[in-house]
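After this come two complexes, each holding subunit A, first together with subunit B and then together with subunit C.
Now for the complex of A and B:
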């Protein structure tokens, strides 16, 4: 057991590679973070806002995980940055701008609604409007003619010559 | 040796697919001589399955015997990987996945052929003169070889991939002594053996409805039996897809360590898109069945579903999602894209050519009718599809056009999906209680008074109990509304059966399922969806999270739980090191057992993977992730604890959906093997 422990620790320290979403590459990097429950600097409100802002930022080495969710070291460091900035009294916009400055707009899990990105926000609405219009037209076209007796559409019940020959041949052959 | 054998199997399957395509096409489209080519196509379908099964078997043998001269084994195998994960590493990488895909595709083809094997025999046995048969029957008979032919075309593509660009049986010479083993994420939890096959069965299953659609377009006719059969296949594939998606969420919850099940990851979206269009089809098919409308639309949905399964595979397998530029590096991407383009163009051309023939005179007569509700449902589902597709593709579009990299992630999708989801739930309560054609004012009041009152009351109660957000309040109100209309439908249905057939309660319920399984099975599915919607909104609203560093004996308290660190430990397994911590968990002061979250370190790839420990209960889950341990081999550990209320109901809801789908396609009291031809002769209405 002690041998495995040493080997495991050594291997983790050596190879802990960033990459996969679930890499806890900070696993053995020291954990002397002050997170005792009574810690005065970690008020519940700051924690809450840190998590809220963290949820809108992408963990840079993960796949579709936010900074708030990820256990990767870089995500945890970014959370510390957010917390520190919040305690300095910066606003969410300022924090967001800081990370965009550092990483580019890619860091935002929800793209800014500006320029070309307006399409991704307006697109669904426009699609629903267009679809709704087409549906409404279809439904309205049918109104007011409800007394007419309309036959249910049916497949032609006479057998086409070609089909009859086909089936006759098939039955004979099988 | 194994390589040669496996490759030979693939080539044999490829030839069989070519025969099925030719014979099926000839049998379906020629003027005469149907049975010869139809039975040839059928045999080719059986043979393709036989050959692909051989290929699969060879690959499994190569994996399990660690034959590293086989390229795929050299890439995903290792002597240290446990046998279970070695066996399922068949779908841990591209080539093996395509092999598995091809095998399932061959299976579907053979199964379809098998269900149709008695058509002509039954006709002969019936002894009716051919001239007495309806035109619908002729179409049904001629559809069989055509469907086999279209499945053959799809098989040609996938078997061709296996013979060329995605050949899993390449030879490595000299063979390495060992391999790296599968991707660590894929050997970290036993659920990996369950949800990928489900997804594959769902994805590949969409080929059969697609083949029905193409056959119908080629024949220029869709009759009642065609629709019933196509829908049956669709329900089956849809059920697998549903299970696969829910199972994937479960896997991600149990493995990924962030305490959630769905992250709007492109891979997840890729499975969700065809699910949405398939769901749309299952609803609009009822309009066609009942009113004869929407034929072309339904064909379009079947084809779109198939295209989306291909597109999803392309997205996730070509690497394009990581970057547009990864696309050109692989061979698979362009080949897939070309196939998708060909299928799309041919399908569109067929719809343009035949669409008019299928146009039906039916009309929607009133906005307050069930057909309106179904059309609205389709609008929402297709709009949803478009939205998810747009969000998934948008980063690629921006990168391709401007070179910028942006992200579209969960916050965006949550925002756009919530109103659509709510509207769909609301419609689930409205649709079933509306009559076909038009509803009178009185009827509306009678149907909706109670559900509306109960829904509103539920919303108010939730608000009074302190639910502070609009979304969960609306979800709860709509859920109560929907459940009330569904309960009322069952009440009415059972009462009618009891009156007409003088049945007992359980007997009446069985009758409902047996006689109108589509409808009442569908209601059961709806109940499952409601359960899931409630689970999502509850777990989101009340999810609580805390992170602390503990020494042995220290406790972290969160909600009604407490966790105490017992010790930190480590051990070595052949393929990995495991470092873990044991926690004693308490709920309301009572011990609920030990939890052992771990960090697994995979030797071959050098990756660390945190494996959470989950304590589930019907009310809430305690979810522990080990974040860090003392590097000195010491005694303290940092743990993230999440209390997730009601999340178990996500999986339960998924199972309810599966049960509903099973009710809908269960061969109630009928012989599964009853010949289709005889059925049509006995029931001329079905042929009309």
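Now for the complex of A and C:
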């Protein structure tokens, strides 16, 4: 089967209306990667965009790696899907949405800033602000105390009443 | 005010600890499925034995469908295979359809696998794993329980057991019969 035809089969299978026939390849195993016909510049551009988008998606098998990095077969197949979709003129957002629809937000290496994910995005900033507020408050209170101490010697308020009475009596007697 | 931050800090730590507790309670090997509760993606795939023939999900409209992704190189697929054979033998094919999708495997290997272990249900191939990717398949075995309404009720990402199959298929059959009774 010619290469371009295979690419067409992949594209048809992917974007055909539900229920439409998917082209059947006799070999079935080891389908060739879709290649943009003719224009090598366009092909290189699509390869680069495929790698960029693949770098944002998690490989379902090697979960710590992106689709672009992973050598797992499913990752290569996902790259083929990305490449095909780019050739169809789909945007990066549409391609991302396609994979999120199939695999859920888990497939995104960089989680979206929504729902529980907001904790990850806002947490460090909020913790920093809270910490800064507490430190500033402590410094301000420390300064206020220093000023008070300079203005007026600290009263021995830690003495017990009995001790204080004893000292006052001793002063009077002397 | 001095006491304020003394309780504020532990209070602020509580959500973090709760999140940690929740995270540790999750089974990291189990992966979420985005498909559960949604309509199963339509497909038409080539028959494993006769590539000129094809099988479509819409061929089984109104039936409970058990869609099983498998491969001859997959060891858990061997252990779950008797469960699938039993499923086919137990339920009426007019009510429950079982479809096997060969995943990242050569057709001849798949055919040899079935020849050795048996199996009389529609078997299809998925070139380029296009359908598998649309279903959000991570690996094999993976099994999707699809209701008669075409909605995915459950995705199971390990070898299925008979208890799991029976529980889910029976539940979907009850819903199917309920739907049929309401429709009549």
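Here are some notes:
Simple rule for what comes next: the second predicted complex is superposed on the first by the 91 of 174 C-alpha atoms of A that agree within 3 Å, B and C clash if a C-alpha of one lies under 4 Å from a C-alpha of the other, contacts with A are read in each partner's own complex, and residues count from 1 in each chain.
In this text, a residue touches a chain if its C-beta (ideal position, glycine included) is under 8 Å from a C-beta of that chain, and two chains touch if they have at least 3 such contacts.
All values reported here derive from a predicted model rather than from experimental measurement.
In the overlay built on the shared chain, the residue A:117 is in contact with subunit B alone; subunit C does not reach it. Looking at the shared chain after the overlay, A:104 reaches both subunit B and subunit C.
Within the superposed three-chain model, A:46 lies out of touch with both subunit B and subunit C [touch as defined at top]. Contacts of A:61 after superposition on the shared chain: subunit C is touched, whereas subunit B is not.
When the shared chain is aligned, subunit B comes close enough to touch A:71, but subunit C does not. Of the two partner chains placed around the shared chain by superposition, neither subunit B nor subunit C is touched by A:92. Ranked by how many residues of subunit A each touches, subunit B and subunit C are led by B. When the two complexes are laid over each other on chain A, subunit A has residues 13-14, 19-22, 24-29, 31, 104, 106, 119, 127, 141 in contact with both subunit B and subunit C. Interface of subunit B with subunit A (complex): residues 30-36, 38-39, 120-121, 123-124, 130-131, 133-136, 138-139, 141-142, 184-185, 221, 223-224, 255-260, 263-266, 291-292, 360-367, 372, 375-376, 379, 382-383, 386-387, 390-391, 394, 398, 401-402, 404-412, 415-416, 437-438, 545, 547-549, 569-572, 577-579, 599, 601, 603, 606-610, 625-631, 633, 636-638, 640, 687-688. Contact residues of subunit A toward subunit B in the complex are 1-9, 11-17, 19-31, 33, 35-37, 51, 55-56, 58, 63-66, 69-71, 76, 104-111, 116-117, 119-120, 123-124, 127-128, 131-132, 135, 138-139, 141-143, 145-146, 150-160, 162-171, 173-174.
Remark: subunit C residues 1, 5, 12, 15, 19, 31-35, 41-46, 51-52, 54, 56, 58, 104-107, 125, 127-139 touch subunit A in the complex.
Listing the residues of subunit A that touch subunit C in their complex gives 10, 13-14, 18-22, 24-29, 31, 60-61, 73-74, 77-78, 80-81, 99-104, 106, 119, 127, 130, 134, 137, 141.
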